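Below you'll find the structures, each written out as structure tokens.
Next come two complexes built around subunit A: one with subunit B, the other with subunit C.
The block that comes next holds the complex of A and B.
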């Protein structure tokens, strides 16, 4: 309802004498009210456009150019993509990364799930165990890298010393063998971390009545796990799978700090190849092309996952 | 009626006062100000930021006394020292983002591409207008240290001179039957001695090594053209030439210093006894490595570590490093440290004043006192006392005896960091046995050539 104050004649103020004014004011207020949410969204929107959308589009353009930041970009068509296909190290980095993803992501999910199942058992000191389980994930990568360098060291390292003390002949040149080094990073990545916390939250959301019903039906623990717990955890599994996959494709800090991608490219993962091309070799166009290839690979995998998720993910309230 | 003129009393009083004032003025200290000082006093205070990660702390801190010396000159310029490692990638992003300091100090190898890509400020005009500075003071090709394609982008300062030499512990060379005064004369001889010098503990860990090609100077690709007597880039800087017989032969040979003891054992040894002769844990300074290829800073570093490592200065031998072209005496004459200004600096003239200060005799005497190393310029060499540092004399005699003096400009490429990375990759590939030297060099040459071609494409 329009305020009587607004519709009352106001001597000396020309516009107030316009009979259409109340409607126009009302329309203006309505417009402002409609726009208000967008105004609140504006800072986020500007941020997304400036720091995400623009760089993404810009990198797409630059993937077709020679560009070193300081001189104008030069258009070369698809040459960056063709050159990449010829490079020995592109293939090597891609294969290393795919191996890392294929092994460490499922491995991390299984370990995270097992940790969550253990930490969901009601025992004394549960809070302490939960805290201890999450502590490794809070250590900064640089600090962890320094520690792991000692752990994997061939002569002074904990792993080789342990194997030797047990009389096992499996001591290895972990970080100086191009074959072993990639497995070092894969093993290091197989830990519960944040995924464990998400599984734990999921476990606590499984309705107790389902367990009660299973018990009444005479289900054994293992049957309950596979028929009740795991199906109820599938939305969490999907989430963990997606975030772990994306994280694994972005594997960078550990190898960069510990081995620099060596020896002989044994621990060269794809993001480091992008970094080296962009910031060490001043080949931004090349790096942009590499990034777009990785983006396409990620998109294909994520789309496949979503497409297949309907057949294996169970949402309690319906999909 | 108003009084006209002075009375005699007033006149005498005035004369007396004027005379007293003149006398007082005469008693004042003689003013020494010149036009320049008056201008200096009138200038607005300016801060020049300088970034370096070299010799910035502890007993080896060169910068603090040099800046104090500059402050004593009483200019309108104050120096803000950023004691942080300088890398090409950080520099690139800082300049692109407009957050770069006014002066960078860096070993020349890492800044070649930044000069070539116009990230650094050309200095020729500024230098031409600096009356207190004469580039002719530099010896030989030292001045080339900051040049790309004939344009000056940096001024050599702090460390230069002749390098590398092969340096050895006389008693260890004697142990393997070598002449302790002459040292190794060929690469096969050096390899053979190196094998004989390898020692292991009961657990099979390497405890003594002969020579490591990735040492204090060999870590950079720049070292190897001097040793192999063949450059990796053509004179016009348009073609990489890693794929030659000399390079394959050289890489194959130096890789054996790692494959003989085993890559894992050598790496573990390096982790324990590092390369850099400025660290107390240096393998050579502690006589854990028998031979090292190093620059003219080594005698000074050893002198500073006598108490820590117990090394006897007279027990170290120096000579031209063996050359693939046997008998050839070659040195790199001048690849050293340089002060650059990024193109974003707003205080170029003031920054140049500080840079020129860093080339002065007083600064270099300070550095010589701390490290027994300095930039080689004529006035500095006249001022320093070489006899205080055993072994250093060799480096000063070497340019006179050498068959070939390499200039820093010969090594530089517009893709220098990539060149360094890929050379290290080739070395690793050969030592771990995934490629032959020929294949590894062929592959890196191809990749580097592609980057070089791209660079020249943008230049045209």
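The block that comes next holds the complex of A and C.
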């Protein structure tokens, strides 16, 4: 039997103390009970094999071929990868995505942490502030895209109007400038979002004793932040880092809705590059190679983070 | 000093006195209030701007100082104009259909898998859970192309089957993981008591585990509905036909078809598309905190 409750008799739990009962149950259904977990997991197994494992292997194979769906795939070796490395457009998309990852992921983490710290101060009206802080994240992407198109628009936009009113010479057509447009997306991504909620949940779990002890030892609040709060938050930081890194490599809807990747690939990011190759140009081989590069990048990130996590993530109770 | 304090207690009745205390607290936390105000202003400005401009005429939209935050006069013309442009009710129906078609099979299959992971002992369970966790971190874009080719071969593109069939196969590793964490935290005594009463695993799952997991299941309903409301990739690949488009895809066409002068209807439709999700998230907020603190991420 699975439960420790049944194997180790406990006082006060009548039926479990009867040794015959679990045995009879166990013997009678032994085979069925052993197969039952796999029956429960059958859909999951089929799903993993058909829609996860097979596609990964399939795109590995097709990344070495020319393939347009209509005609059978033709083997061309590593030429797809070479082409991609030489292709200007691809390099631009990769650089855009890397820039996005390097700037907006740490930025988002810091902002989310600061917001969570602010919303953890015990003040009146806290519940209302927390609710209000969540509101921007609840606007659907389509609505947000329309609003930000408006806000960044050259003539009627809020940004340019403010710059003009302040007498600053930086007004421009943000979303139609191939250089500026990626920065618009990067800046917009620097926000607390769901990471803020997760940090907030983490802050609730820091034991009050630690703060009390720090106070008794005469620690300043900045010392408490760096020596108590941040170390205790590291499991949540790891989680946020993982999800926001992977999320950053999947950024698709925003640019697709607002600029379609343009102008001149200025806001073309990696996911859209895969999409364009596969479904606009029907270069499935290219798309497969790009998918595989993305797969490898994500595996490397996850492995690196988990490998290094032992040295910077603090788990309560050892480990 | 003591005299003044006593005098104050006589002069101010109890209510006024606590108000004074409250005021001093507010002053003490002035920095926190100031910072929160700044951050909320920045964060809420775009949302407020969307609502504000939905009720403005084109002339009112030109930003003049002082800024017209509350539109005066208010116009509803934008809503009428935006509403006429597309069959929004059809897109709303499609969005809800997508949510239901994904939600029900996903939930059924993920509950079964999560129950097996949480409550049953079998060889390799740890390893398979590790596999599930790694699948949580895999971007959709890695498998997108072969999946599409597969669906196209089966002739499923342009039907609801790409939403329904994969959902029956527990293709939501995050949900499997979260449910497994939650199921594990339910005391064993409850299910063992039911087992001794002669209940099998399915009955235990249905009568004990699921009723106790309502908060986390409600959270999944909120998450999948908001996925259907937000996702662009899936409809773009499989629901391209006009009669099947979801709200996000319809909005994409709507935004694309509008020039620089049509901001009003665009803001109006953004408001209409956003309101239900904002309401749902407000309702789902407590489930999020509850589910999150209970399942934890510390493993």
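Heads up, the rule we're going with is that the second predicted complex is superposed on the first by the 290 of 319 C-alpha atoms of A that agree within 3 Å, B and C clash if a C-alpha of one lies under 4 Å from a C-alpha of the other, contacts with A are read in each partner's own complex, and residues count from 1 in each chain.
Rule of thumb we're sticking to: contacts are C-beta pairs under 8 Å (C-beta built on N, C-alpha and C of every residue); 3 or more make two chains touch, one makes a residue touch a chain.
Quick caveat, the model's predicted, so the values are computed rather than measured.
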After superposition on the shared chain, which partner residues are touched by A:48: those of subunit B (first), subunit C (second), both, or neither?
second
Subunit A residues touched by each partner, larger count belonging to subunit B or subunit C
C
Please indicate which partner A:69 is in contact with in the superposed arrangement: first for subunit B, second for subunit C, both, or neither.
both
With the two complexes superposed on chain A, say which partner A:153 touches: subunit B (first), subunit C (second), both, or neither.
both
Classify the contacts of A:225 with the two partner chains as first (subunit B alone), second (subunit C alone), both, or neither.
neither
For A:99, select first, second, both or neither according to whether it touches subunit B, subunit C, the two together, or no partner.
neither
With both complexes overlaid on chain A, does A:210 touch subunit B (first), subunit C (second), both or neither?
neither
On the A-aligned overlay, A:187 touches which partner chain: subunit B = first, subunit C = second, or both, or neither?
neither
After the superposition on A, what does A:165 contact: first (subunit B), second (subunit C), both or neither?
second
In the superposed arrangement, which partner chain does A:283 touch: subunit B (first), subunit C (second), both, or neither?
first
So which positions on subunit A get touched by both subunit B and subunit C?
69, 153, 155-156, 279
The answer for subunit C against subunit A in the complex is residues 22, 25-26, 29, 32-33, 35-36, 39-40, 43-47, 49-50, 53, 61-63, 65, 109-110, 112-113, 115-117, 119-122, 125, 128, 131-132, 134-135, 137-150, 152, 166, 168-171, 176, 188-189, 192, 195-196, 201, 226, 229-233, 236-237, 247-248, 251-252, 255-256, 260, 263, 266-267, 269-271, 273-274, 277-278, 280-282, 285, 288-289, 292-293, 297-298
For a test of understanding, state which residues of subunit A touch subunit B in their complex under the given definition.
66, 68-72, 74, 76, 83, 87-89, 153-156, 173, 175-178, 262-266, 276, 279-283
Partner subunit C, residues of subunit A touching it in the complex:
2-6, 13, 15-16, 21, 25, 34, 36-38, 40-41, 43-44, 46-48, 50-52, 54-56, 58-59, 62, 69, 114-115, 118-119, 121, 123-124, 129, 131-151, 153, 155-156, 158, 161-162, 165, 191-192, 197-198, 201, 204-205, 235-236, 239, 242, 246, 249-250, 252-253, 256-258, 260, 270-271, 274-275, 278-279, 284, 287-288, 291-292, 294-295, 298, 302, 315-316
Given the complex with subunit A, which residues does subunit B contribute to the contact?
88-89, 92-93, 95-96, 113, 117-119, 203, 205, 262-265, 267-268, 271-272, 415, 417-418, 421, 424-425, 428-429, 431-432, 434-435, 443, 447, 450-451, 454-455, 457-458
